Amino acid sequence: MTRTLPLDRPAATTTLEVEDLVVEVLTENGWATVVDGVSFSLGRGETLGIVGESGSGKSVTCLAIAGLMPPRQTRVRAGTLRLLGQDLTALDQRQMADIRGPRIAMIFQEPMSSLNPAFTVGDQIAEVLRRHEGLSRKASKARAIELLDRVGVPNPARRFGQYPFEFSGGMRQRVMIAIALACTPDIIIADEPTTALDVTVQAQILELLRAIQREHGMSVIFITHDLGVVADVCDRVLVMYAGQIVEGALLDELFEDPQHPYMEGLLMAMPRMDQVSEALVSIPGHPPQVGAMPAGCRFHPRCSYTREQCTHGDAPALEQVGPTHTTRCLRHPELTLRGTT
Amino acid sequence: MTQSQTGPTTSELSVAPGAPAAAGLPAGTDVAAVAHPPVRHRGGAWSNFRRRVAKNTGAVIALGVLGLLVVIAVIAPWITPADPNQQDLRSVLLPPFSDGYLLGSDQLGRDILSRLIMGTRVSLLAIVLALAVAMVIGVPAGFLSGFLGGRFDMLVMRLNDAAMSFPPLLLAIALVGVLGPSLRNAMIAVGILLAPRFLRLVRGVVIGLKEETFVEASRSIGTRTRTIIVRHILPNTLSPLTVAIAVTAGYAMLSEAGLSFLGLGVQPPDASWGSMIREGFLYVGRAPWLGIFPGVLIALTVFTFVTLGDGLRDALGREERTES
Amino acid sequence: MIETEPLLDVRDLQVTFSPRKKMFRERVSLRAVDGVSFQLYPGETVGLVGESGCGKSTTARGLMRLVEPSGGSVTLAGRELLGLPANKMRKARKDIQMVFQDPYSSLDPSMLVLDSIAEPIDVHLDLDRAQTVERVGALLQRVGLPAEYMYRYPHEFSGGQRQRITIARAIAADPKILVLDEAVSALDVSTQNQVIGLLEDLSRDADLTYLFIAHDLSVVRHISDRVAVMYLGQIVEHGDVDRVFDAPAHPYTEALLSAVPLPSPKVQRSRERIVLAGDPPDPSKVPPGCRFHTRCKYAMDVCRTVVPLPTPTIGSGEVTCHLHTSGPQLAGASVRELTTPHAAVVG
Amino acid sequence: MLRFLLLRVLTTIPVLVLVTFVVFGLVLLIPGDPAVTIAGPDATVEQVAAIRERLGLDRSLLVQYWDWVTSAMSGDLGTSLYTSRAVATSIGDALPVSIALAGAALLVSLVIAVPTAIVSALRRGTWIDRVATLGSSLGIALPSFWLGLVFVLVFSLTLGWLPATGYVPFATDPAAWVTHLILPALTLGIAGAAESTRQLRGSIIGVLQQDYVRTARAKGLRGRMVVGKHVMKNASVPLVTVLGLQITALLGGAVLVEQVFGVPGLGQVAIAAVTTRDIPVIQGIVLVAVLVAVVCNLLVDLVYGYLNPKVRPR
């Protein structure tokens, strides 16, 4: 039922391979599946966007890949989870910790709370270097100041000794990027890194991420719900809904020729700043709650193209609709969906 | 954009018994109301609070135990097996399960069980008195301090700081020493001691409420300050105040016991559990049960209050925010 | 539109925060709103945009007198609100109501929806209980919720539903103006669109006038007739919404617009991006001269010392920028007509 | 840091002034004529007059207060009405004993609380956590003097391991000092441990849910480092606040425990004074105890400033 997208690059340039990732969480009513059979691969130097509404499972997918889901309340299973050929499913907690930092680094949404208020910003960068590269206190400090400088923090030597509360939101996010960059990882996972920031600061941060990626040729997974940001930074996009990938395509294909009604709905719901728009449309209803997935296509209760065949049985399979394009919609051959120009 | 994340793992999960969305409606229809019916539980903050308390096993058991104690205290004079002050010098310091003395007798031959039952009344009354004093001082002061702010608040908080810098029991001892030992004086002293707890709590709650958007909204509507206080502020202080009462009751009981143990509280021949430990202490070598039983009762009662306080506090947790 | 009298006339509004004096510390007073003027004409929607900390919310709270302005004037239908005694102010509030950002804290958790919506009715209308209940029911239906929801408590509702309830409360006493302070920002996109649709319906049917405060420029473009852009406590540019979005006259407006990524890869790739240096402004550290000069790529010498004055722009509105007065070229034209930054610096 | 310290010291001044009002005001609370009450029912007119004169009750309140404060500041707390000993001397003898007891109790409470809280919070919801939570609720509920009674019963009277009562100064016999201090310190420390455990467990659980802990794990830091460094420093902030309150509470609680174990500390002196209505002694003890508490809280605040960079002035 699930398989990797055929648009995946040849093995030599594949950084990450994920096949059939399933994440379950413990709820009051027992185990519930929040990520259901997610498969994708990530090429070297590629920026892969994952979009979806809150609760679609996009963050959980990435936390699970990085081994950051809490063990007792969650269960993570994957057919394949391979980072540059190394099988991550075989690693224990300790070995995963060795991976995080030098191989996979993360940037989170809330720059205000993601840094520890009790330690200086510099120490929080330097400790990564001490932990993974075995640098001395002095060497790690020098390197941390370089990193602060690289991510555009003015006065890095002085700022090294300051605490997070003395930094603005944008500056804190730069510090987070410096932490992520410290060991030049193969993959950076950025989980809504600009959602909490003002637009002008968002533009700065996106610019910085782009520059860093160019410099080091690292792969980026970019999680966001903002289609504008996706259009700005991604090469390829996965659309998630209710724990499943419902569509995957190269950036331009996805926006110009969406193959899943959900993606069409997302595109139509965005008010456009560059156009005079009439009435705004919206996807009716709400995403299903965890543990209460509808039968058949999970999107059918909110879909305007729903037919009888969509409402029962298993969720439809992810189908190939083009060399680089997949969708999880039964009716895709008969539908002509609207994209943006 | 402003949705805050609750934690590292739950950020993406809205785990709740979900309502399946309505089917077959065309795009763009206004279905917010239809597709997402309100969750099925009724009542305002207060009754919502009560509903959650009812779901908390610990709190319910604690309430039951407490209810039992209150009943015992009320009907105490009618259920004691013997006159609690009746001395019988022929049968002193009898061990438990002696004939006619289920839990033994004390140094004057009085029935320990009967004294414990009467002591329930004294001990609970003492708690009520201390709490009343503490709340009469602390609640209005805290309310005004929080609501008015400014200089008044500063003055009250300085006074409060001063009160808090007294070692609690020592101040009570000094006060009782000056006023003369009696249960009433002891509990007034304990009440004064506990007042800062209520003051700080109420002040904090009121300051928090003043910041709430619904209070600002009410001001923008043109509601009178008096009405805002009565309709918005007071009802929302009720639940946290209840928690504080439960927690503080435990401290009041321990303080009463301590003062009575020192002979500064209840005066002979009346007995509270604390004063019975005092007597037991004198005969610890010969008749340890004298002190053991009242101690167990105190510990149980305070434990009940602590459990109740924990349960109430859990029930108080902010309501979860469901996705819009 | 300009022919008629403004319904709300805000002139030179100032709001100053002076934090309590700390021992051994200088008292720093912070002018969050520094001379803001705009008018609302009957039936129109004016968007007020800017980044966090620019003073747009404080402007709203100042003109509502939820914080006391330190200067200026606010005239509602010909009557001055600032300085109005408390009882008269209370009455005046009937005509101008507010919807806040956070739908969760906007409703008192201990009160029935009925009582929340009835609050303005109790204060401003002379209705008995039965009439009130009937009116609340009608209001709920008007905002797209069943009337029987009035007997429920806020915690039973989702964010979108709560925002409908607060809108019902805001319109309960038939106000003329609604001040919408980031009223849809906390909602996700689908819900947001539904609530915007509701607001549009209401303004049409009930002849409401909106001051729509938001940081989301796409939404503002959609809903507004006119728009004002704020930076560091001042309005730097205003005008008809299409003029401001299509031909921004202020460098800040231009940068702000260019920073919003558009949901179309082709368009996004072809756009010129202007990345502003530095952080959004800190209102306690106001630079001399033009407040924007520290981040402006067109900054000239004059900008660092002389405070610019508002100039009319081509099309509509005004802009407060030296490029239009002291510079050689613009005089009201779009800042996009500047080909290179150097051209301006030469002058 | 120096300015922070200075500021902090200055803010205690109004508190201290208020405290002197309260302590001095104790005399005014005596029902009826204080001199008559103090002298007792059998006293002669002369005796009452003597007491009145010694207490200075015949002068104006303001003068009385001023005299009392100025002499207190020079270390003269008056003389006992009962023993005619200088109050300062009695307190000087008893204070070190109480401080030793309270200090030992604090140590006991930390040694129990910190590891328990950490294990309990990290293993939240498991049986270890439930046992620890139950234990700490019980620890709060047990009256300390009763616990002392049980300890005496078990460890002294039954097992005969430790002395039941009494106190030996450190200088006389360090070993005996320790054995005499163990039971009282344990008794007093357990209640404090229970309170600290609950507080610390709660704050660790709170910190564990913070985004920056996730960041620390995302950096690949080892579990020990995440907890030992990132969690503990933040979780200690509320603990320090509690410690401040606890020091005050320990000084009070010591009164009861001293009574149980016959430890000649401030508590013993206070009880003796209260039963005889020895006003100058009562005033002196309360004043000294408050001073000790205030100084301890000052120290606590300095630690707080270290843990929480935000309150530290730059």
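By letter and in written order, the chains are A, B, C and D; residue numbering begins at 1 in each of them.
Just so it is clear, a residue touches a chain if its C-beta (ideal position, glycine included) is under 8 Å from a C-beta of that chain, and two chains touch if they have at least 3 such contacts.
As the structure is a computational prediction, the values presented were derived from the model and not from experiment.
Asks: Touching chain A and chain B alike: which chains?
Replies: The shared contacts of chain A and chain B, listed by label, come to C, D.
Asks: Of the chains shown, whose Cα centre falls closest to the middle of all protein Cα atoms?
Replies: When every chain is reduced to its C-alpha mean, the one closest to the whole-protein mean is B.
Asks: A-D or B-D: which has the larger count of contacting C-beta pairs?
Replies: Looking at A-D and B-D side by side, B-D shows more C-beta contacts.
Asks: Using CA atom averages as chain centres, what separation in Å is found between chain C and chain D?
Replies: Inter-chain centre distance comes to 55 Å.
Asks: Could you tell me the distance, in whole angstrom, between the mean C-alpha positions of chain A and chain D?
Replies: Here the centre of chain D sits 53 Å away from the centre of chain A.
Asks: Just curious, how far off is chain D from chain B if you go by their C-alpha centres, in Å?
Replies: That gives a centre separation of 23 Å.
Asks: With chain centres taken as the means of their Cα atoms, state the distance from chain B to chain C in Å.
Replies: For chain B versus chain C, the centre distance works out to 47 Å.
Asks: Would you mind listing the residues of chain A that make contact with two or more other chains?
Replies: Residues 54, 68, 110, 279, 281-284, 286 of chain A each touch two or more of the other chains.
Asks: Which positions in chain B are in touch with at least two other chains?
Replies: Each of 1, 3, 5, 8, 36, 323 in chain B touches at least two other chains.
Asks: Residue numbers in chain D touching 2 or more other chains?
Replies: Within chain D, residues 211, 214 contact more than one other chain.
Asks: Provide the residue numbers of chain C that touch chain B in the complex, in ascending order.
Replies: Contact set of chain C toward chain B: 64, 66, 89-94, 97-98, 100-112, 115-116, 119-120, 123-124, 144-146, 149, 152-153, 155-164, 166, 169, 173, 185-188, 191, 194, 197-198.
Asks: Would you pull the chain A residues touching chain C in the complex into a rising list?
Replies: Answer in residue numbers: 53-54, 168, 170-171, 198-204, 206-207, 225-232, 251-252, 255-256, 266-267, 269-274, 276-277, 279-284, 286, 340-341.
Asks: Which residues of chain B touch chain D once you look at their complex with the stated criterion?
Replies: 5-8, 158-159, 161-162, 164-171, 173-181, 250, 254, 257-258, 261-264, 274, 277, 280-281, 284-285, 288, 291-292, 294-295, 298-303, 305-307, 310
Asks: Once bound in the complex, which stretches of chain C touch chain A?
Replies: 51-52, 158, 188-194, 196-197, 200, 215, 217-219, 221-222, 242, 245, 255-268, 273, 275-276, 279-280
Asks: In their shared complex, at which residues does chain D touch chain B?
Replies: 14-15, 18-19, 22, 26-27, 29-31, 37, 137-138, 140-147, 149-150, 152-153, 157, 209, 211, 213-214, 245, 248-253, 255-256, 259-260, 266-267, 270-271, 273-275, 277, 279, 282-283, 285-286, 289-290, 293-294, 297
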